[in-house]
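Dropping the structure in here first, questions after.
The letters A, B and C name the chains in turn, as written, and every chain counts its residues from 1.
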Amino acid sequence: MTSSAMSGPVPHMPGAAAPPPAKSSTEGRSWLSALLFLLPTGLLLGVFLVYPTIYTILLSFDRGRRGEFNKFLGLDNYVTLFTKDPNFIDFSQFPPSGALFNNILWLVFYTSIVIIFGLVIAVMASRVRYESIIKSVVFLPMAIAATALAVIWRFVYAPDAKTGLLNAVLDVVHVGPISWLGNPGFVNASLIAVGIWGSVGFATVILSAAIKSISAEIMEAARVDGANEIQIFRRIILPMVSLPISVLAVTLTVNVVKLFDLVYVMTLGGPGTSSRVIAFTMYQEAFPGGLFGKGAAVAVVMLIIMIPVMLFNIRRFRTESVT
Amino acid sequence: MSDSPEVPGGLVNREGPSTLSGRILERLNKTPIHIGLGIVAVIWLAPTIGLLVTSFRPRSDIQATGWWETINTLRFTTENYSSVLNAQGMLQAFVNNIIISVPSTILPLVIGSLAAYAFSWIKFPLRDTLFLTVIALMMIPAQVAFIPILQLFAQVGFTRNFMGIWLTHTAFALPFGIFLLRNFFITLPKDLIEAARIDGASRFGIFRTIVVPLSVPAIAAYGIFQFLWVWNDLLMALVFVQEPRNWPLTRQISTLLSQYGTEWNLLAAGAFLLMIVPLVVFFSLQRYFVQGLLAGSVK
Amino acid sequence: MMRISRFLALPIAAALILSACGTGASQAPATVAPGDTSAPTTAVTPEPGATITVTSLWGGSEQESFQKVLDAFTAKTGIIVNYESVRENYATALQTRITGGNPPDVAILPGIGFLRHFAKDGSIIKVADLGIDQASIAGNYAPGILDIGSVDGDLYAIMVKFNSKSTFWYRPEKLSAAGIAVPTDWDSFKAALAKLATGGTKPLGLGAADGWTLTDWFESIYVRQAGPEAYTKLFSADGDWSDPSVATAVTAMTDVLNETYVDGGINAALARGFVDGIGQAFSATATADMYYEGGFVGGIATGQVNTALTMGTDIDWFDFPAINGGDGVTIGGDVIAALTKNAGVKEFIEYMTTAEAGAVWAATGAIISPVKGVSADVYPSDQVKREAAQVANASAVRYDGSDLLPAGGPDLGAELQKALQGQAIDWASFQSQIQTAWSNE
């Protein structure tokens, strides 16, 4: 429902004697009152979002000592980031490594596994009477701070069998103990697992709502026609949840780009730099070394990655407004 | 759409088998689901419960046995919590959390709903374009703003107190809040508002007496969502809360972890202090909390 | 309507009340409660009751030792010192505060690379600009000490403490039980490790999550293997990291830091901090026999990790083994720098250059003081006296190398962590990155 339907006051009440005010003065007053309502927002957004974005973009083309403009470098910061900084991205060996690559790992595995688990749990839960309890249990980690999640899982991952839950379980079958966070080979997998654990509830709740909105008649008709559960899942449920899934995927992508707290608290990007992500890199590059220009470049890279997400949201809003 | 409020959209065959053997068969078919969900429940509860139990165990116990063996000894203590609250400064950090979170929730609520009202019920030129800009601004990562904002704050001393973090949280929360509240406001009954306009009510009067009271669920959902987001935040606090006496719980715990990496008694108690308020909110206001999260994603 | 006001009234009231208390003045910081512990015994300076903030990354027992110095300063001058401990990401937190216009008054800097960076940024006040005459304090130090804190010829920071990094800590009863004499060179050291390992437990503790502990291993080996002159060159802008001597030193490291000798294994070590590493050898449930790190280990072990230890009986140290006769000593130190010109800062910096302050700190046993006037008798234990003597009598003394490298350069500790796991280090890439960092300064 767009407000273009509201072109002027409609005299629907009986006895509304006063004629509608002249259009021009309505428009004039509208502009002024709109301004008052929007002024605090405009100020805050301008100062805290628009101005810094422009500043940071410009700073990324400069050396940026002390965060000020002192030496124009053109695209040098970006070139360095992508070719001479193996902690950011390293193409010299296969598979590539570096913070940017870690984000890609997160993007692929975290997003897909969260959605798959979310869907499976949503479907399973819908068949039982204690559905809402299951959904609450799985959703609980969403309320917990990433910092606390990090403590919980560092405890689970503790490298000895008396403290760490995982190693204790392995100990029962005489395996391990394994240092889940100390081995660069799979520290990222360990972290992604925690991320998945924290976000599946979100996907479950969304997909559960989407599944419930599927019309009962269609399901009945399909069953009557002899379709089995798997066919129903593939032909009916999946297409109907494709929109929520795409929205979910976008939200999870945003989470991946912004990922910081979990990595910072669990491993500080380590061991070494093997679990760094770009948000962490920005913090580390800009501040300890005072390489503000380079830090700004990392921030701009993050911004560029977000642009497709922005466009997706805008387009979604536009199509929704039309209906 | 569905025949009755109970039916979950037709996934369950409502008819159900009528014979005893039929019912038993159906139950058996569901056993893998029950097992699967049981495993899910264990995976999603065990870590948190493990830490909770640990926070009440004496230090010597933690070093000797795993928390799952507490069932044997049932020895509990609150000394971890008292230690963490007093000696490790967690009490101050807890208070800091409240000081940071409350204004950072109220400010965007107030400012955001004012703006959302303008975007929904006031007609002015460029409105749609501006609203699209707001949506686009939602996606700006905080990293982009750190350096210039820090420099701005340097000139007015906002990093020495809480002004810096309040304003930053508010500004970054606005785009999503405006988006959310505007989408709700436009569903309000047009007739009501227009009637008030005809009666000569001012725009602010309409906002205060009609729009806000009718929007309490949406405002509450956004408020809770924002409160928990700020309560749980670490990154903004790292950058903008610079006096150690002002540090919130997240930052304090992070420091604790780096210093006492295996003092699980302290870490567990500290982590739970951080989790208490969100968990209480979650259990008591779950409906609003879920609504807040869902609102931005699904229609 | 009403519901909303009530809904919001309580949190608003709470926030107002709490912020009134919270952001008020004179609140003790969360970590340490300093303050006027005793009345000043001498005439007060022109600013009684002034408060300054000092930051460092010390916590635990190191913090307690430093606090004694601060208390003595307050007792003498009436100036209150708020100590703020920033345990993790110290340089980042410091830079953030400087950019945010909120620097601490005084910062203790653990690295010279950071000193150079902050000095060239103009974030540090030159000592001369504080009103302190360099000539008047030069007499307090051996020649060369003040040069450590100088950048481009100007004195920016002054060394306040150091520890030897050539102290290898061990449990005497473990070695004597295995019938091993204290090793003096690398080969007898490796033989000792092998002999201890046959006893069923692995002898070495290691806290490799803190990459700087690995850089200390590397530096101790390199200065002995390649010699002090090569060491000086390597950690300067002329250094060549692709030189074979570097790889040789790393090989020597992994000869002893491997699955055979490290208690708990390498992967667990990479997830363990240095205090826990000390605990591996010295806690009540110790499993390892030896731990290598600087002279500060003694204080941390006895004061924090296991207060039941008796220095000399349960814990002692031997010189880091010589390699092919090379036995240069490395030290790690901290310098103090002023970031503001607030009242009390000048007095504090001056105080820290006196033998009086040095003696208070030295008496805690946590550090060695570079101030000449601090006599060796002040040190509380034989171990610390020996440490001071080791440095004083060394054939060559070198500053901790990784602390000299430019800030914003590649992380040597991270590379060594990779080496521990058997990954090959790309020294050519490291060299080009560090060259860039040097030239960017």
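Observations
Going forward, contacts are C-beta pairs under 8 Å (C-beta built on N, C-alpha and C of every residue); 3 or more make two chains touch, one makes a residue touch a chain.
The structure displayed is predicted, hence computed values, not measured ones.
Of the two chain pairs shown, A-B and A-C, the one joined by more C-beta contacts is A-B. Farthest from chain B, judged by the mean position of CA atoms in each chain, is C.
Here the spacing of chain A and chain C, counted between their Cα centres, is 39 Å.
Chain B has its Cα centroid 15 Å from the Cα centroid of chain A.
Of all residues in chain B, those that touch two or more other chains are 63, 147, 150-151, 238-239, 254, 258, 262. Across the assembly, chain A contributes 67, 268, 283 as residues in contact with two or more other chains. Shared contact sites, meaning residues of chain C that touch two or more other chains, fall at 88, 96, 99, 209, 272. Contact residues on chain A toward chain B in their complex (touch as defined above): 1-3, 5-6, 9-13, 16, 18, 27, 30-31, 33-35, 37-38, 40-41, 44-45, 47-53, 55-56, 59, 64, 67, 121, 123-128, 131, 134, 136-148, 150-156, 158, 161-163, 165, 168, 197, 200-202, 205-206, 209-220, 223, 244, 247-248, 251, 254, 257-258, 260-261, 264-265, 268, 279, 282-283, 286, 292, 295-296, 298-300, 302-303, 306-307, 309-310, 313-314, 317, 320.
The part of chain C that touches chain A in the complex is made up of residues 88-89, 91-92, 95-96, 99, 114, 117, 121-123, 208-209, 211, 264-272, 407-411, 413-415, 417-418, 421, 423, 426, 429, 432-433, 436-437, 440. Partner chain C is touched in their complex by these residues of chain B: 63, 88-89, 92-93, 95-96, 98-99, 102-103, 105-106, 147, 150-151, 153-155, 157, 159-162, 164, 209, 212-213, 216, 219-220, 238-240, 242-247, 252, 254-255, 258-259, 261-262.
Only residues 63, 65-67, 80, 84-87, 92, 159-160, 177-179, 181-184, 268, 270-273, 283-285, 287-291 of chain A touch chain C when the two sit together in their complex. For chain C in complex with chain B, the touching residues are 1, 3-4, 7-8, 11-12, 14-15, 18-19, 22-23, 27-31, 59-60, 84-88, 93, 96-97, 99-102, 209, 272-273, 275-276, 285.
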